[in-house]
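Presented sequentially are two complexes of chain A, the first with chain B as partner and the second with chain C.
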Partner chain A sequence: MTNYRFIGKSTQRKDALDIVTGKAKFINDFTLPDMLYGKVLRSPLPHANIKSIDVTEAKSFPGVKAVLTYKDVPDWMAGSAPQHVRILDSKVRYVGEAVALVAAETEDIGAEALRLIKVEYESLPAVYDVEEATQPDAPQLYEKFPRNILPQGIRVFGLHPLQEVVIGDIEKGLEDADFVIEGTCSYENIPNPMPPESPAVIAAWEGPDTLNVWLGSQGPHIVKVALEKWMGSINIRSVGYSVGASYGSKYMSWQYTMPAAALAQATGRPVKLSYGKAEHLAAFTVRLGSRIHGKVGIKKDGTVTFLSGDWLVNTGAFSEASQAMVAVGCGEAQLILRCPNWSFKPKVVCTNRTASGQVRGFGGQELKCALLPILALGMEKAGIDPVDFFKRNYVKPGEGYYWRDGEWWVCEGIDYTKAIEKGAETFGWKEKWKGWLKPTSVKGAKRRGVGVGIHGNADAGEDVSEAFVRLETNGTAIIYCGLPEHGTGQRTNICKMVAEILQIPLDRVSVTPADSLVNPVEIGPVGSRGTYAIGSAVIAAAEDAKEQLFEKVARNLKVKPEDLETLDGMVYVKGKPEARISWGKGMNYSGTCLGRGRFESDFSKPNFMMIFTEVEVDTTTGKIDLIRVVGATDVGQIIDPLCLTNQLDGCLGSAGIDSALFEEAVLDTRLGRIMNLNMIDYKWRTFAELPEMEHVILETPFSTHRFHAIGVGEITPSPGPPAVLMAVSNAIGVWMHDYPLTPDKVLSSLGKIAATKRGERA
Partner chain B sequence: MTRQEKKFSGVALEGKHRINLTVNGQLYELAIGRGAGKVNPSDTLSFTLRETLGLTGTKVSCDSGACGACTVLMDGRAVLSCMMLSIECDGKEVTTIEGLKDPKTGELDPLQQSFIDHTAFQCGFCTPGMIMSSKALLNDNPSPTEEEVKEALSGNFCRCITHYHVVDAVMDAAKKGVESK
Partner chain C sequence: MKSFAHVNARSVDEAIQLLTKYNGRAKLNAGGTDLIGVLKDRILPGYPEAIINIKTIPGLGTLEKGEDSVSIGALTPLVNLIESPFIEKNYPLLQEAAKTVASPQVRNMATVGGNICQDTRCWYYRYPDQIGGIIECFRKGKKGCPAVAGDNRYHAIMGAAKCYAVCPSDIAVALIALGATLTIAGAEGSRTIPLEDFYTPLGNVLAPEEMIKAIRIRKPFPSTKQTFLKFTIRKPIDFAVVSVASNITIEQRICTRARIVLGAVAPTPVRAFAAEDFLKGKELCEEIAVEAAALALAGAKPLSKNAYKIEIAKTLVKEAILSKIK
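Showing the complex of A and B:
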């Protein structure tokens, strides 16, 4: 393994000092002179027409500068795809949907003005269940979506995005199978990624056609691209702040940015729109609901002969990017399952609850949570150990899959078998695994069980990144890259990559703010693309800059560029330490070396994550304790060990593993309301309940990355929830398929109490 | 009058027109009332710190006492600044994350240094609250066990799951603190 100066070493994060001293700026720490505050009146009903709306009193309240209703907002349309969401509409489709917007001198005044708005609603019947919503007589949310089904074949990713997996011949698969099992599993507890910082933005217009937005988005550049597309011919400058975490949810960000832009336009002043926590939980991104009716054919030796099924995807009141998420999910299903015959058909459906959108795992986690338990039924029938099953099935170099763009890709990555084996060994799988629905140990009322899950994503090489690297005459380098810091340390990691290439101390490399006016195109740190895609663009820019520098120096010293090397801001002729020249002299103290780098999509390199869990179930109380978690991955090359373990530890949170245990948005289907819109009733893991956590991190070099890295990215939580489901089922000896596995469900599975249906009271 | 003002107009202010608040060693005399630089009776301490005094290092997440993001020290003990009204803090001494550095030397508090050394943050939004809660713990109990650290921090929400690094950072700071005595 190469011994690098920075790569693979623990280095201080560039923003570390700011973070621990309170100087790091998040969007709510920032104000503009003359700024107003936006407030949103939200619907108390899940489905209704607005019959009348009277804002006279609110408008005349002192300190109120604008009140907007559906009658006076611009006709900007968002949502994907096709666009179907207005900032304000004459109809509301979920409890919490925006009904009116207020801009006022203070937040208090704005809040008071909301109370003065009088709305008369005509209540409509509502629907929450993904299958009921597709019935002919179901309430319809949008005229353009008959039976509430979003259209397929929409160009979310190129001309022919993947919208289903249909390969081979199911009949043939049926013939070849020794066992055929059928099952339904749902991941429909609508977990909330719940970043600590709620969504917030400041919008300010410069003249009629330029809009500036400052926000904590995970993809500030994509905000610019999306808004420019949806708001007509205007220029947008989007500036990203430190992201108070996002976990995917604050990527597109139009849901809060467009209303702020409308208020800023109406008042001619900057407007900050900052959600409170209840608003955040009631009216911002939750996970997709995912239900699979599946059928699997399997041979005695564990070979899968076919998979058929319907994947019902509940996107709530609108789709932020659901068809795109379904496309990625369909691709990811194939990465974990080597199977010749597929007929797997998704349907994206609207219902009357808050909308689902992008969350860490992007469709893949939602898919796995419902699919793996069905596959487990097949494994049980065939008596196959799940670790062996995954080892056999996870995509290997040379094997192919349809990816989100609808194209057939052949894996050119690495074989992850070693990571699986090492993970199993570290966990002690062989000793703990006693067979399907068999506990690992029983002590009185306490039963332990183990389970395992798997996930991988070929999006590590998705989309385009561009970056510039500028060498300064004083021996420093600046990276121009629209990458915001959202917690993974990626802004520091790209500095490490550049410092490594240019061989200068890390403190001599800096990154521009994530400002779209300054930086080239950057899709952002999503889809696990930080290390591979963004990293590769930055690396290419640094190499280009170095080349330009060497050309200049070579002319100067009358040698060939390839005879040169650089260290700490000096350029040397190889083997002649006395023949040296500083960067400044080399550039004649005038002129710039501006390197340019670009990365193009490449879906041939899946990454990998496996999670082993051990749980203890108290069969008297139904309480489940997560005892131990072992994660296994192969990252090619570690960039920063502490940032990596942080990211891997993240498997518990952000609607990850704990969404199998206790996380859920409790929807009361009589009122259409989510009942736990605060951080006490929405459960989260505390320090007092941390499981033992261990990571197996292999470094098998990835030949196509300058530092042989692929990273792990967003996928760290995704294999977790089905692993927990498996562990609990094994512990208690009964299949449990209903996330989250709250004590009441455990007890009813054990036949100790009567079962209740979701949304009903016990 | 806004709704909140009405709600709090019943609080007995005992004829006071201003409050004295010491923040990070500096005394602020704040007039009670409405308008720039004043303290509204409905203002929470976190609001006053952030919006009136510009000390934005203290973060607000849930704004309802559930997450610990807004933790500051009041007379040496950890309190949730979103759950206190500023007018109730008359005469109190408050330390925020901005005041943890040594005021004379500018040196970081050993806890801050330890959080840096262990990369005990991801997004960093929960970090000021984490550090202040840890500080209160170490003030009380300079050499806590790992269990005690976890117990003391169990009111601090971290969605990125930096808990493991935070525990290491606090234990390490405690160890070094005891060694240097």
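Showing the complex of A and C:
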């Protein structure tokens, strides 16, 4: 293994001190002169037409500068796909949807003005269940989506994006199977990833056709791309701030940016729109609802002969990117299952609750949470240990899959068998696994069980990244890259890569702000692409800059560029330490070397994550304690050990493992309201209750870039929820398929209380 | 947050005068950990004209140890109950209860009096105004309880009629088990009532111009064992799904006195009289504890989604009775 100067070594994050001392600037620390504050009037009804809306009083309230309704906002359309979401509409489709917008001198004035707006609604019947919504007589949310089904064949990823997995012949699979099992599993608790910083943006126009936005997005550049697509021919400059986490959710960000832009346009002044916690919980995007009716054929030796099923995807009141998420999910299903015959058909459906959108796991977690428990029924029938099953089935180099672009890709990554084996060994799987629906141990009322889950994504090399690296005459380097710091330390990590290539101290490398006016194209650190995709662009830019420097110096010293090397801002002739020249001299103290780097999509290198869990169930109270978590992966090469383990620790929280236990948006389907709109009732694990955690991290070199690494950040939570479901089922000896596993469900599965339906008296 | 007048009261008398002056349109504020949330989310149809700060009243935040009782000032922060060796020695169940409340930051701010007077956590009642408006209900002077046909997983399993919200106070459950009394100041002077008579189905017996001054607990009987147990989804932060406090006197292995109080099962804390009577004169063992637990929950009538609370309550009562028996 190469001994690097920075790569793989622990270095302090460049923003570490600023964050822990409170100096780091987040969007809510930032104001502009003359700035107004935006406020949103939100719908009380899940489905209604606005009959009348009177804003006279609100408009004349002192300090109010604009009140907008559906009658006077620009006709910008968003949502994917096709576009179907207006900033304000004459119809509301979920409780909490925007009905009117106010811009005022202070937030308090704005809040008071909202109370003066008079709205008359014509209430419409609402629908929440994904299957009920597709019935002919179901309430219809959009005229253009009959039976509330979003169209397929939309170009979310190129011309022929993946819409379903249909391979081979199901009849053949049926013939070959020793066992055929059928099951339904739902992951529909629509957890909110709940980054600590709620969505916030400042919008300001420069003239009629240039809009500037400052926001805490995970991908400021993609905000520019999305808004330019949807707001007509205007120029957009987007500037990213430190992000108080995102977990995928604060990405395209049009949901809050377009209303702020409309208010800024109406008032001619900058407008900040900042969600409160209740708004973040009630009216921002949550995970997709996922339900699978599946059928699996399996042989006695664990070979899967077919998978067929319907994947019903509930996207709520609109789709932010649901067909794209379904495409990735369909690709990811193939990564975990070596199966010759498929007929797996998704359907994306609108219902009357807050919309689903991008969250880490991007369709794949939602799919795995519903699919793995069904596969487990097959494994139980065949008597197969799930670790053996996953080891056999996870995609190996040379095997192929249809990816999100509809193309057949052949895996050029690595074999993860070693990671699986090392993970199982570290966890003590062989000792703890007693068979399906068998507890690991029983002590009085407490029963322990173990479970395992798997996930992987070939998006670690998705999409285009561009970067520049500029060498300065004083021996420093600047990276031009539209990468925001969303909590992973990736901005420091790309500095490490450049410092390693240029062999200069880490503090001599800096990154430009994530400002689209300054930087080339960068869609942001999503889908674990920071290490491979963004890293490759940055590395190529640094190499290019170094080459340019060496060419200049070579002419100067009358040697060949390949005879040169550089260390700490000096260029040396190899083997002649006395023949040296500083970067400044090499560049003649005039001008710089500007290297360019570009990365193009590569879907041939899936990453991998496996999670082993042990739980303890109290059979008298139904309480489940997560005792131990072991994660196993292979990252090729660690860039920064602490940043990596932080990502792996992040399997807890952010709608991850705990969405199997208590993270959920509680929807009252009589009122259409989400009831747990604060962080007392919305359960998030606290630091006081962390389970024992261990990470198995292997480093088998990838053929990615110079450092042979691959990212895993996005996928770390995704194997967790089904692993917990399996562990609890094993502990209590009964299959549980209903996330989250709250005490009432455990007691009801144990037969200690009667299962009751909503609205019934027990 | 809407504006209001803010007045610092310098004495109990002044606070009472202010309450009288505002005649129901003012709220007392001590730690603010409950009230500020209520005001920010504007969950109530009305909004106070004034907030009367009582933290500025001297002398209400101390423990005063008397011959046969202790008086806890209403403004005593919960952290002081946890850190007091006197409380730990004499009223361990009160200390245990205080430790389970919220988080260290909240326990530094929140007061004993405030904890006793806090409003319910029912999520229909607490639904924030800014997301489509508050939810009307019986507790807010309208008809019906939306929890009955809604998501009632945390609601009452006994003792409720028109409102199924539960009393969230852990401290009250502990104090009732200790037989505490309240000293209440009002326009006509002070009165003293047992804490267990303080709660009503929709709140408490405080008149608009009254406030709690102190809580008095008599000296514990010799050879009593005190236990406080609380079931929550998460250990920190959470309010009780069910809590149980027990205060049991055992003389020559026989139970001679028992107080068992259940929290978060009803609109008020609930004394389990039948279980208490049953335990008297008995030697405590698993069988007896199970029977007592069944008696404690005998009157329970769950809603559609909270039958599990009965099982949890039974388990907690049983454990409380059996705990600390060597």
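Convention: the second predicted complex is superposed on the first by the 755 of 762 C-alpha atoms of A that agree within 3 Å, B and C clash if a C-alpha of one lies under 4 Å from a C-alpha of the other, contacts with A are read in each partner's own complex, and residues count from 1 in each chain.
Operating definition for what follows: contacts are C-beta pairs under 8 Å (C-beta built on N, C-alpha and C of every residue); 3 or more make two chains touch, one makes a residue touch a chain.
Note that the structure is a prediction, hence the values are computed from the model and not measured.
> Examine A:Cys651 and indicate which partner it touches, taking first as chain B and second as chain C; both and neither are also allowed.
The answer is first: A:Cys651 touches chain B but not chain C.
> If we overlay the two complexes on their shared chain A, which of chain B and chain C does A:Ala754 touch? Say first, second, both or neither.
A:Ala754 sits against chain C, while chain B stays out of touch.
> Report for A:Ala111: first if it touches chain B alone, second if chain C alone, otherwise both or neither.
After superposition on chain A, A:Ala111 lies in contact with both partners, chain B and chain C.
> Does chain B (first) or chain C (second) touch A:Thr621, or do both, or does neither?
After superposing on A, A:Thr621 lies in contact with chain C but is clear of chain B.
> Tell me which partner A:Cys495 touches in the superposition: chain B (first), chain C (second), both or neither.
In the superposition, A:Cys495 touches no partner, neither chain B nor chain C.
> Figure out whether A:Ala688 sits in contact with chain B (first) or chain C (second), or with both, or with neither.
A:Ala688 sits against chain B and chain C alike.
> Would you sort A:Ala262 into first (chain B), second (chain C), both or neither based on which partner it touches?
neither
> With both complexes superposed on chain A, which partner does A:Gly244 reach: first (chain B), second (chain C), both or neither?
So A:Gly244 only meets chain B here.
> For A:His486 in the superposed arrangement: first (chain B), second (chain C), both or neither?
The first partner, chain B, only.
> For chain A, which residues lie in the overlap of the chain B contacts and the chain C contacts?
In the superposed arrangement, which is not itself an observed complex, chain A uses residues 108, 111-112, 276, 678-680, 685-686, 688 for both chain B and chain C.
> Can you check the complex and tell me which residues of chain A touch chain C?
42-45, 95-96, 108, 111-112, 114, 276, 278-279, 282-283, 620-623, 662, 666, 668, 670-671, 673, 675-681, 683, 685-686, 688-689, 742-744, 747-748, 752-754, 756-762
> Quick one: in the complex, what on chain C touches chain A?
Interface residues on the chain C side: 1-3, 37, 41, 121, 123-124, 126-128, 130-133, 135, 146, 149-151, 153, 231, 233-239, 241, 301-308, 310-312, 315.
> Within their complex, state which residues of chain A touch chain B.
10, 12-13, 15-17, 19-26, 28-29, 108-109, 111-112, 115, 193-198, 242-247, 276-277, 485-489, 640, 642-643, 645-647, 649-654, 678-680, 684-688, 690, 693
> With touch defined as at the start, can you tell me which chain B residues reach chain A in the complex?
2-5, 40, 42, 50, 55-64, 66-67, 69, 96-98, 100-101, 108, 112-113, 115-119, 121-128, 131, 149-151, 153-167
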